[in-house]
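For clarity, chains are labelled A, B, C and D in written order, and residue numbers in each chain start from 1.
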Amino acid sequence: KQKKHWPLSQEEYRRYGRQMIMREVGLEGQLKLKRSRVLIVGLGGLGCPASAYLAGAGVGTLGLVDGDVVEDSNLHRQILHGTERVGMPKVLSAAEGIKSINPWVSCRTYESHLSAENVMETFLDYDLVIDCSDNPATRYLVSDACVVLGKPLVTASALRTEGQLMVLNYPPRPPGDTTGGPCYRCVFPRPPPADSIVTCGDGGVLGPVVGLMGVLQALEAIKVLTKTDPISKEAADGWAPTEPPSLTIFSAYSAPQFRSIRLRSRRAKCATCSVQATVTAESFTSGSLDYIQFCGAIHSVNLL
Amino acid sequence: KQKKHWPLSQEEYRRYGRQMIMREVGLEGQLKLKRSRVLIVGLGGLGCPASAYLAGAGVGTLGLVDGDVVEDSNLHRQILHGTERVGMPKVLSAAEGIKSINPWVSCRTYESHLSAENVMETFLDYDLVIDCSDNPATRYLVSDACVVLGKPLVTASALRTEGQLMVLNYPPRPPGDTTGGPCYRCVFPRPPPADSIVTCGDGGVLGPVVGLMGVLQALEAIKVLTKTDPISKEAADGWAPTEPPSLTIFSAYSAPQFRSIRLRSRRAKCATCSVQATVTAESFTSGSLDYIQFCGAIHSVNLL
Amino acid sequence: MAETKPETVDVMDITVEFTGGLEMLFSNKRKHNISLPSKDASGAPANINFLVEYLCKHVMKDPRKDLFVLDDTVRPGILVLINEADWELEGEGEYAVQKGDNIIFVSTLHGG
Amino acid sequence: MAETKPETVDVMDITVEFTGGLEMLFSNKRKHNISLPSKDASGAPANINFLVEYLCKHVMKDPRKDLFVLDDTVRPGILVLINEADWELEGEGEYAVQKGDNIIFVSTLHGG
């Protein structure tokens, strides 16, 4: 009977007390976080800190997608993967780390790379997606699926001494609704030439640089989730008005280190989020979308 | 014999490869990190991510100072302390987490709060200090000791949705040398009234906000350490010229979120770093410095 | 634009921001657009000291003035930033406020 | 200041920054102070397209021009920012550069 009056257990009150006393969260915000399901695509340098801080904050369900195993060369920046877990699938290693941080979080692991074939079923259950991937093909795929399924997207990337972050498709209105936030294709209608792509493996990255961007992703996700109730969002058109869309740029050795850039709104001819959208739920399964081909062969010799 | 030609083991090359291929680090920078000894004061919301990323980067020795034990209410933001370690001294819990991230790092733990009596002996062996403490008395104490002993200081703080960061006493020239970087007393010659102080316990804090500042501290420390060789710094006057001193301000719900503020240089009448300095090595042990009294009783009723 | 009679008050538009918790003393609003009189009562150009006095009198509704000013200046633990620089680089309280200036009052944080 | 004869080239000072790895194409220098001719060859006011052409010809020493321009405009994957806003908010390549402008070319990153 007492449970009816106390929506959280005593241990949860103690655990989350320091964020619940803030007016930006409160009991209401904490319950929203608990009801939330967040999908993290990529458990590398971004996904490790992003999932660690979302777990700490008490997000109810974390979905973890990654097909790789932990390698020695990951350890300097992927702080959720202990040295003893080298060789283990990253999603399982991350789930162990998350359980240790907060056993109240339920983890679902997807031990494979995201593809046009599996993206719809993988995303369907989640309220928000965090793109922590490391290649343009996945970035277009994740963004397209978020628009089609109406999920807000927190995307970030890092390389060497720099990082970038955007909150996309927020508010996540249907394609053709110009009041929705821009998608990845609005900002980058054409993919970069394949020979201009550099991965962290090739170009290197400072651990705290990618760590910073991952922590910022967790923060932006918490801001969205505590504003919006994932359960009631359909009923109330849930998504509150937000700041205009922006790109945060970080550069460790520049002054100032951080810049905030105003981004465009939805592109009138966007292939994904406009009235003229050609990317639809069907196109994923029909095989008409070949993200690898769209972005060109990756892992070629590259210079930038 | 082969060891002479390979200053790092094969496993270290694999582990640090992704940062060593960057020109900002390289083999030389990696060796500087390995030779470095960094002291972290406070293993809470700032100290956890700061020490995790410094361990990942391969700093040779991490000193950990904290007299507290892990509590339930720490877990949402202090991601190095697993739930199973509630009740354990924070420095021991952090050392376990650090060992798991990188067994090559040597940890020294100081299971007590910093005081005027123990600060000189504690700091003496280290090349750089990271202030992750949570009260003004400790912040003045840490800064004073850094100036007297000639250590650069990376200090940060966080509360609710905001964070602040400064690199102080850098370059760490002797008191009276106006080319040295400003110290905490240059920026804040007088302590704030005790009734204006709010701790994270009282005011609350968002986990990723304090996490962000801790990761930034690790980054600034790595920048200083890879520029400067801790071993040879006396010989070569080691400390390279840097950006002018600045304060980074973060505010999660403001636009822009980050600001960089130009700070003053050393204050001509600073009690610690000027020619008129009254704070000296002797004053710590003589009992003439009472930091608690200087800052007033803490943990009183507070509002801001 | 038109001629100003002696008794009309010339004002200049500036932005004033409060952060680090100080916004709680100012109706929980971080950014304020202020039309500051160009001259103080004695006819001298408005400086930061005058701005602080003006904010206390006309903008701050919270009665706890001593959490903002102490001994006629901003209390210890508050940094004043003039156009993204520490006010100590600009002449502190004597700095003559210019039209369009951005003045930030930052309460320093201590949590960790 | 003085009268300008028809053959002298009027220039305006702007800052151009490269980031996201693009600085490697520009002598590893992130921030460049550029004195840009105020008008292009046809006498039209210098716009961003002209600036890009100018940077290729006079500033970029790296021969790999196609990592910066493609089909006469900046290649896909580079954002152009005019005074901290996406150039698409300002008219893209047609935006007439103003004295004192800050133009940033950002190569997007993909690592994670």
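The rule we apply is simple: contacts are C-beta pairs under 8 Å (C-beta built on N, C-alpha and C of every residue); 3 or more make two chains touch, one makes a residue touch a chain.
Note that the coordinates shown come from a computational prediction; the quantities given were computed from them, not determined experimentally.
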Centroid spacing, where centroids are CA-atom means, of chain C and chain D in whole angstrom: 39
Centre distance in Å when chain B and chain C are each reduced to the mean of their C-alpha atoms: 32
Interface hub residues of chain B, defined as touching at least two other chains: 160, 200, 203, 205, 259-260
Chain-level touch network, classified as line, ring, star, complete or other: line
Contacting chain pairs - touch in the sense defined above: A-B, A-D, B-C
Sites on chain C touched by chain B in the complex: 19-22, 24-25, 30, 64, 66-67, 70, 75-79, 81, 84-86, 88-89, 104, 106-112
List of chain A residues in touch with chain D within their complex: 42, 44-47, 131-136, 139, 156-160, 162-164, 187-193, 195-200, 203, 205, 210, 247, 249, 251, 254, 259-264, 303-304
Touching residues on chain A, where the partner in the complex is chain B: 11, 14-22, 24-25, 49, 52-53, 56-58, 72-73, 75-77, 79, 82-84, 100-103, 160-161, 200-201, 203-209, 211-212, 215-216, 218-219, 222-223, 243, 246, 248, 252-253, 255-260
